[in-house]
Structures are given as C-alpha cells and as structure tokens.
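Below are two complexes that have subunit A in common, paired first with subunit B and then with subunit C.
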Partner chain A sequence: MSDGSMTIGAAIAPAGATKRTVQAHGSRRTYSAYALVTPAAVLMLIMLLGPLAGVIALSFTDYQLGAPHFSWIGLSNYQDLFADKVFWTALRNTLAYVVIVVPGAVIAGLAIALLIQSGTSLRSLYRTIYFLPVMATLIAMAVVWEFMLHPQFGLVNGMLRGAGLPAFSWLQDRSTALYALCAIGIWQAVGFNMVLFLAGLVSIPKQLYEAAEIDGASSGWARFRLVTWPMLGPVTTFVVVISGIRSFQVFDTVHVLTKGGPSKSTEVLIHTMYTEGFEFFRSGYAAAITVVFLVFVLLLTLIKSRLADRGVHYT
Partner chain B sequence: MSNAHPIPFRAILRHVLLIAGAALMLAPFIWMISTASKPQTEIFSSELHLIPHQFALAENLRDAFARANLLRFLLNGVIVTVSIFVLQVMVALPAAYALAKLRFRGREALFALVLFGILIPPQATAIPVFLMLHKAGLLDSYAALVLPFTISVFGIFLMRQFFKTVPDDLVDAARMDGISEFGIVWRVMLPAAIPAVTAFGIFSVVAHWNDYFWPLIVLNSEQLRTPPLAVAHFRNNEAGTSYGPLMAAAMVIIAPLVIAFLFAQRRFIEGITLTGIK
Partner chain C sequence: MAQIELSAIRKSFDGTDVLKGIDFRIEDGEFISLVGPSGCGKSTLLRIIAGLEPQNSGQVHIDGRPVDAIRPSARNLAMVFQSYALYPHLSTFDNIAVPLRMRRLSAIERLPLLGKLLPGRRAKERHIRADVEGIAEQLDISPLLRRKPGQLSGGQRQRVAVGRAMVREPLAFLFDEPLSNLDAKLRVHMRAELAELHRRLKATFVYVTHDQAEAMTMSSRIAVMMGGELIQAGTPAEIYNDPRDIRVAEFIGSPKINVLPGRIRKDGGLDVLGTAVKLSCQAAAGECRVGVRPERIDLGAGPFSGTVVHLENLGAEAFVHLAIEGAGLRLIARLADVRQLPAMASSITFGFAPDAVRIFDPAGKRIEIRLEQPERVREPAHV
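Right after this comes the complex of A and B.
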C-alpha cells in the first residue's frame, strides 16, 4: 500500500532524471493496477451489482419469462404480495424457523464447545464428530432424515414406540412438519457454531480466570458468568447473526422433503420465490419476494454491525 | 487431595454428555449405512435393528449405480467445483494484489464495493442472472453452473487481507528483478499465499459441491446433474420404496467430501469456518 508513496517520496531528493523514471514506473504500475482489477470489476458488475439492481427494478414490472412485452407497474407486485395469504404464511413460517433454529443451534453449539474445552481428552475426536453434519451434502442427509422420520419404518418412531410413546407422521403432518425441518436445521448448524465458539474460547486469556478465582469466583458457573460469557460477547453476536442469515435462506430441506406442504405448513420465503420465479416464471412478482427477503437479511447484518461496535467495549 | 474426587466425576460427566450428543449427531450417518446394508425385507420390518441379519450393501450399491449414472454425476461435481475454483482464483488474485499493494484512483471505492458484495446473499441475484443466461442461450450447460460463480468477492476480500501481511520488500525485490506486476501476482504472491488459497479452495469446493439451489434452477438435462440434484432425483423418481439403494446412493454422494474431511480435518474446519467471516 505504502510502497508507491515511499519510492516517490525518496525520489524527490535526487536529480530529476531518477524522479522521472520513478514516476514512469509509478504510472506504468497504475496501468497494471487497472489491468489487474478489470476482470474482477467487470464480473462483479455483471454477476453481482447489476443483478442486484436488476432484481429491484424487476420488482416494479410485470415481467414474465417468455412474455413479449412488459411494463412498469409501480408497487403492484408488492400490493399483490401483501394481499397474498401464501406470502404471509411463508413469512410467518420463515420467522418461526429462524426463531427456533437460531437459539437451538447457538445454545447447543456453545454448550458443546464449553464441554469440549472443559477437558483435555478426545478433544479433536469430538470436534470431528460434531462437525461431520456441516460437511455432508445437506440434500443427501435430508433424504436420510426423511427415512429416519418415516411413520412406520423410521428410527425415530421406532424408538418412540419402544419407549411406549406416541408416534407421529412427522413430515406428513402439518402440525409437526416445520418442527421436523427445524430439527434437521439445528442438527446441521450446531457443528459450525461450535467451531466458532471454540475459536472464541481459546482466545480468552487464562489470567482472567485466575483473577476471577482470586476475587472469589470459585464455581464453574461464576467463572462462566464473570469471564467466559462477557469475553465471548462479540463471538456470540456474530454466531447469532450468521445463524440468522443462514436460517433465513432455508430452502434445500423444504424443497426436497415437503415442497412447502402439507397445506403450506412449511412454505418459506425462498421456496415461494423459487416457485413463483422458476416454476411459474412470474419474474417480477418473484423479484418482489426477493426484495422482501433482502430487507430482512440486510436488517440482520445491520444489527450485527451495531452490536459488534458495542461489543468492542468488553475487550 | 480433597478435590481428587470431583475431578474424575466431572471428567466422566463431560464424556457422558458429549457421547450422548455425538450419538445424536452420528445417528443419521449410522442409520444411512445400516439401511444401505439391509435387504428390502429387513428395511420394512417394524423391529428395529442396527446390524443387518443379512448383508446387502453390495447389492444395494449395485442397484443404485444401475438406476442412476452416479459416476457421471460425481464427475460433474468435480468438473463444476474445480472449474469454479480455478476461475475464482484467476479473477480474484490479481484484483486482491492490486487492492493490497498498488495505488490507483478508485481503489477505496472498489474495495467498498467488494465489502458490500459480501453482504449480498446468492438467492438475491438468482432471477436476473437466470434471465441473462436465458437470453444468452446458456441455460442447461456447464457454463450456467460455473459462470455466475467466477467472481468471488469474498475470495477477493480474503486474499487482499492476506496479501496485506506479505512484506513490501518481497514485492520490491521482485520488481528489481524485472518481474512485471502480473508476474508478481503468480510468481511471488501466489506461492506466499498457498495456505490462504487452500483454505479458500476448501470453502469454495465444499460450498459448490453441496449447492442445490442454483443447479436446480438452471439444469434440465440428466447428464449434467450435480451430486445433490442426483440424490433429489433419485429420491423423487427412482427410489419409490426402495430405501436400500437410495441410502446407498446418498452414501456415495457424501463420501468424497466426508473422506477428504476425515483426512484433513484441521484444514477443512479452517476453510469452512471462513464462511463465518462472510
């Protein structure tokens, strides 16, 4: 970063000839800089920023794939959207999914990280096992879960029956389907959160625990409350927001296992967007759903940066 | 001496809790392997047993490979993820070098755009990118699977942060030797950045091997299917009630990444938690 200014600064002292060559080098280097960033900048425009502007623009049109004409229709898509029961169901289900999966995956991730870190034996074995679901292709594991939740021959109902408890048609019953998807979501996200918490725990200075002990914090809980929890503040915020954004994007398990059913009980935003945009090809309407989704995701990011600023005071 | 007793108790409690949790985490994997090893009659019995009375893994695998062209789908996965990664590096590394080590007008603005780009979730741009590919007649091709991901703003950000830590002396020495700026990227910076490139590579390959949303949108042809699409189709069309072959197919699809992960856990965990920064 600073090398350019340094060489130019150093070149001011010697004679004009060296100065000119350095400047020539400098300008040639500027040209190279533009050459180096051009492919990235162009692709960014075509594949990222352009489409982002495009999706917002599309949401104000009645564009349909294959239709010969389209026109600006202002806020009509949004009016239709807000008048559509399916949209509100999808939004409610998405929020319910987020509200269940985020605390579930964050608390479990933290608990596992604390347990692993509280001893020294078998640390990496446990870490590997808990991380395995993060690695495994979610679609393949969703199919496995579906069979585990099979009403007659599944492992879950088999064990429930064995314990004398009632069995359920998990994914076929509108009162349980969303919760079953939440369970899969938590199962998949826990290991990821655990690893982030482990990194946070390792970076807490040992002296803090010693100091807390001298001050009378002898129980494990007191040490957690006085040292671990405040020191993990920034990491926790981060994990909560990341989990929130990822949960908002839930799609894979819904599409392969329930298609939003039974009777829309697992319909979620991105699935509605997919159905409207890529099955019915109502691009404008699907774009409006995307914009609503974007607003929520950016809101979460905003909350993160706000809290992260505050989190700095702890450390 | 007085606290000799509580320590083993706490250690035992730690293992009990962690093993119980681990059993929950591993249950789907164990059930998958167990079911893939059972003949049809044992799968459809109401009595639960983990170890098959009669091993049928080979039959189920053969059945799965006969019903779906799994090798082709795995190959597609390799072609797509490797192409994406190579192109991402070719685009991101020069830009990251320029952002980290060169001065030019618009640098700060470009970096701000990179940071902004990281916030955009992939689903947000799906409709316009799909329409562009449709206009260009590129839908249902490898290009449709690869092109939208050639730009990784996250990769640019990551490599730029890494290049910042490379000493300027190294770059200056290379310039003294008459190496061009372009040459510096590939002959000086890339070798210095191998750990960061590896981590990014794992992140990228895992993300795109497992991606379902985008291939689902742009693909139609059977012979182009990526592994996740293949499992979904197998479940919808082929499997019906034959869970043995379905579980065997799921095993085949997750095997490459899981095996790679078991061999290089530390690197994989590093690479994937990079998404945390996203």
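Right after this comes the complex of A and C.
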C-alpha cells in the first residue's frame, strides 16, 4: 500500500512542471472524446429523447391529427384531463390491474419455476408449455380467451356449471370484466417471469442448500427463506418492475375483448389514449395522457434503480 | 464427542463405482485426514458421513447409532465447504447465528416481523448473540461481524465458515478441502490454526484433502484412499515410514519417493540396479520395486552413480535430480547442506542404507525385509 502511494507521488511531482502542455493536450483530448460520443448521442436524441420531448410539447397544444394549424394552450389539456371522469376511471382501473397482475404473475411465476426446478423429468417440456403464452400473439390469444369466457358455450362457464357453480358473463359484466382481464394478464406474464426465475434459480450455488441443510434448515420452507428467496432478490426486483411496466401498458386484451366496456369498467390509460388520439384525433390530449403514463413508468424505474443501488447484488 | 463408524460403504454414480466397500472407524476426538488424488472418492465419503449423499449400501454409525435414515440437519455434524458456502446476503454475525437460530427458534419465531413480537424470542436472541460473539472472539473475527462475506478476504471467510461450524458444538466437524482456495502462505498459517483448534476443542475432525502436506501436518491419523478404496490408515509417521502399498508411498511425501527397479534373488537377497544390498526377504524370487525416500539417499559415497541433471536449491535444503546411466530413470536426493551442492552435469556416486529401503512386489504390495546386519551399514558389497 505505502509502496503504491510512493510511486504515485513520484509520478505526480514532475507532472506539475509540464502542466501547460498537459492542459493543451487535455482540451484536444476532450474534443476527440466528444466527437467519439456524438454518433451515439445523436442517435439517442433522434430515437429516444426527441420523440419524448415531442410528446411533452404536443401535450401543451390543441393539435388534432391531420389539422393544418395548432396553437399553444398551456396546461389546459391537463386541466381537462384531471377534470375528466373517464381519465380517473382509467387510472383507477389501470392501478387495480397492476396491483392484481404484478403480485399474481410474480408469485405464480416463482411457484412454477420452483416446481419445474425441483422436478426431475420433463423439465424442458414444462418450460416450453409455460412459455407458450409469451411467444404467442396476445391478440390471437385474446380471441381464444373470448371463446373460453363466452357466457353460453365458453369452457370456463361449462366447467363452473359442471361443478354446480353459478356461471358469469365474464367480459360483459361490470363487476367481473376487469378481473377476467387480470386473469388473462397473469396467464400471459407468468411464462416470462418463470423463465427469469428459472435462470435465477439455476445460478444459486448448490452448496448453499447443503450448508443450509447442515445448519439445520430441514424444511423446504426454511431453506427457501434462508437461501432461495434472498438469493433471488435481484431477479425478483427485476421481475416485479418489468411486470409492473408491462401491466401499465395493458392495451391489446382490452382493445380486442372489451373496448374499455362495459360502461368504462375496463377502461385503462393506454386505451383512453388510443381512443382520444386515434378515434377522436385529439392528439394534444392523448399526449397529455401519455405524459401521465410516462410519469408512472418513470417512478417504477426509479424504484428499481434505487433498489439495485441498495446492494441487492452480492459477490 | 463422537465416534464414527463406516461399514462396507459402497457408492456408484451412473454405474461407475466411486466407493468400493469402505470399512473404517474414526475414534472420538481424532483428527482424521482422508487423503488421496482427485477422484478417489474421499469427498463422496465425507458427504455420505454428512448425509448429503446417500450410499448404495453399507452403514454409517455415529456414536453407535445408525444414522442412515436420519437427514443431514438432524445428524448434528458441522461441515466446512471448499467454497465456504457462506450466505452472501447475511452479515458475518448472521451467518454464524444461522445454525443457532435454526435450532433454538421455532419456525414461527423465525418469521421476519411477527417473530420479533413473540415473548420468548428476545431472550433467545440474547443468548444467540452472546454465543456468536464468544465464537467471534475465539476466532479473532469480532471486528468483522457486521460485514458481508463479499467484503471479506479468503482467510476471513474461512474463519467465518469455521465459526459457523463451531457455534453449535456439533458431534463432529467435517472439512471438505477447506484450504484449497487460499494462497500458499495463508494455507500454511491456517494449517497451524486448524490443528490448534482441534487441540482446543478436542472434537472429532474429519478432514478431506488432496494435499498430503496438510494431512501430514495436522492429523492424528491419515487414511489414504485410492480408486474408491481405503488403502491404509495410520499415524502420519506410520504412513510415511511404513507404507503398505506403493501407491501410498508415492502419494505421501514431497518430493515423491524414488522407485528403483530391483530383483529378489533365489536366496532371498536383493539386487538394486544390479547391485546387491545387504538385506533379505522371504518373498519369491523375481522382479520387485524398491522405494527410497529422497532424504535417505546419501550423495558422494556408495556403489551407484548418476549425472546431476537438475538442482533445486530452496535455501535451507536442496534437491538434486540425478539421471542414472543405462537404467533410463531419474531420482531425487535431498541435500541437507546446500553448501555442498554438486555441479550441474557432474557425475556423482550415491548409496543408501539398507533400512531406508522399502520393497514392493509387482502388484504394489509391500514385502517385508530383514536386515542382514543389525547395525547400519553404509558400504554395500560391490559386485
């Protein structure tokens, strides 16, 4: 240690004498450094930050899609938005959807991953089966769900009747429509989460489980609490945030199955934005909804990076 | 504390026999090293004792009680792993406290928030704290208690792993190559520390290593394993001086024992490299192998001669590598006095005392010898 600092000190002393040349050198080096990051910076501006700034700017105008003129109207889009009951319904529904789908998809994904991991045979078969919904187009799958949830000849009601339970008209009933969509959302996200959890499980050193067993963790639950759950911490954070962002973006099932109905009971943010922007052509208003949506996603991302910084990574 | 008895332990993985019937008895308070080259089954045997691996047949008894149907957590053995297997998310304190919490707290008391509210928990937690701090004191890791394993050096992690094993006073300690991840200097230091720990705890230690130096320096007894069999067990001195098998002789000792071609004459006398040595044995006449330890080779006098091909001067001692003309073999002699180092490529004569010789039959089994004259003879007869 002391050797190291000696040599560093010795190296610095003569450097002071030639400070001038170093500075001249330095500025030239700064220019070339900027030149080198320019392509990446420009691309980022055009592809990511530009559109974002555009959307934010648009939200302060009364622009309508295809209109030749627009004028700046300040915050009045936001005033309209916050006064609009549909917006608040959409926001409430979206949050309810996130609050149900995220824990559901994370817990189910983890449970399936644990089951597959502890199984001895047919692992890759199960993995593929559970991953299928992720690979399939959700729009196409939504059509299948529509059939399954059909009040008269749907599979779900058929099974309920077979078990002697009352049937529902799932997607047509105000009280069940959102929950039916949540179920589809969980079904769709579970496979993706499972794959991430499986990757996390594989990377846990086997010796930790052996050490836990020797240390007296005889039950599966004790080993899960002592080893699996903490070791999956980084994966879980990632999965929760990704599931959260994806749930906020829910659109395709809503659009195909309910169009936000019945009576706005499944209206969600992105669907409201779509309706305002592409059916009523109120681009400025839709942009304002997008900004609100972005704020939520940004919040989630901030939480994730905060958690990641807090040292959930071990070595 | 505990005596461990293994009887007829067999184990195979996918049709490969890893252990071929091990019978062994580890006495109470012994420091036993299971030593052998990689793949000899020593780690598997340790894992069978721990219960982490089920044997195909045979029994393990701990203190006379069969434990084959008892899971590892209930056998009350502690194990130190090669990778230490510390819980990376827990501090040093919590790592050492895990075995105590698992045993002293109920499942409900271990629950993250609710557990703290239960009446008995606080008192138990106080006892655990006192025990962990006592262990940390003993191992000199008190300042490290709040650090995570990622912030510790290899040697410190090693101590934490030992602390986690010690804290609950197990029946026996199992070590699976615990020093192999440390650098050479630290390894020598930890060797002394572990031996010291054994003397202090007086517990049964079962120590697996492929490093014969570790086995020689720490253990009260060594069990040498080769190819799934336990070939010889005995004190380090016995194993070194009285190997029953040429594989044991070759494995123990560094540099390796010199093996010379020999021949047993019809009258029971022995020729080494065509020169008669003053000893006899009762084995049938024929080829044999003659082992002589490097430190038992006397340079500068004797009936044999070789060319110096390589010198290793370690300062306190030196090793002289000799090539023997005509025989196409090399041997190593230890020179205690480095000031008498021979020149490279020079020719030098050497010999050895008859009692330095260990003879093995072609199958590798030891042949007993009888010295022809009881007193040590330096000058074997010239032929």
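Convention: the second predicted complex is superposed on the first by the 261 of 315 C-alpha atoms of A that agree within 3 Å, B and C clash if a C-alpha of one lies under 4 Å from a C-alpha of the other, contacts with A are read in each partner's own complex, and residues count from 1 in each chain.
Criterion: a contact is a pair of C-beta atoms (placed from the backbone, for glycine too) under 8 Å apart; a residue touches a chain by one contact, two chains touch by 3 or more.
Keep in mind it's a predicted model, so treat the numbers as computed, not measured.
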Message: A:100 in the overlay: touching subunit B, subunit C, both, or neither? Say first, second, both or neither.
response: neither
- request: State whether A:35 touches subunit B only (first), subunit C only (second), both chains, or neither.
  value: first
Task: Answer with first, second, both or neither: which of subunit B and subunit C does A:91 touch in the superposed model?
output: neither
- request: Please indicate which partner A:208 is in contact with in the superposed arrangement: first for subunit B, second for subunit C, both, or neither.
  value: second
- prompt: For subunit A, which side has the bigger count of touched residues, subunit B or subunit C?
  reply: B
- prompt: Between subunit B (first) and subunit C (second), which does A:225 come into contact with in this model arrangement: first, second, both, or neither?
  reply: second
Message: According to the stated criteria, A:54 is in contact with first (subunit B), second (subunit C), both, or neither; which is it?
response: first
Query: Which parts of subunit A are in contact with subunit B and also with subunit C?
result: none
Message: Looking at the complex, which residues from subunit C come into contact with subunit A?
response: 50, 52, 71-74, 77-79, 81, 83, 85-90, 98-99, 102-103, 107, 110, 148-150, 164, 168
Statement: subunit A residues touching subunit B in their complex are 1-5, 29-30, 32-37, 39-41, 43-44, 46-52, 54-55, 58, 65, 108, 112, 115-116, 118-119, 121-122, 124, 126-141, 143-148, 152-153, 155, 158-159, 162, 187, 190-192, 195-196, 199, 238-239, 242, 245, 249, 251-252, 255-256, 270, 273-274, 277-278, 283, 286-287, 290, 293-294, 297-298, 301
Interface residues, subunit B side, partner subunit A - complex: 10-11, 14-15, 17-18, 21-22, 24-29, 31-32, 35, 43-46, 48, 90-92, 94-95, 97-105, 107, 110, 113-114, 117, 119-121, 123-132, 134, 147-148, 150-151, 153, 156, 164, 168, 171-172, 180-182, 185, 206, 209-210, 212-213, 216-217, 227-229, 231-232, 235, 243, 246-247, 249-250, 253-254, 257-258, 261-262, 265, 268-269, 272-273, 275-276, 278
Query: Which residues of subunit A touch subunit C in the complex?
result: 205, 207-208, 210-219, 221-222, 225-227, 230-231, 233, 314-315
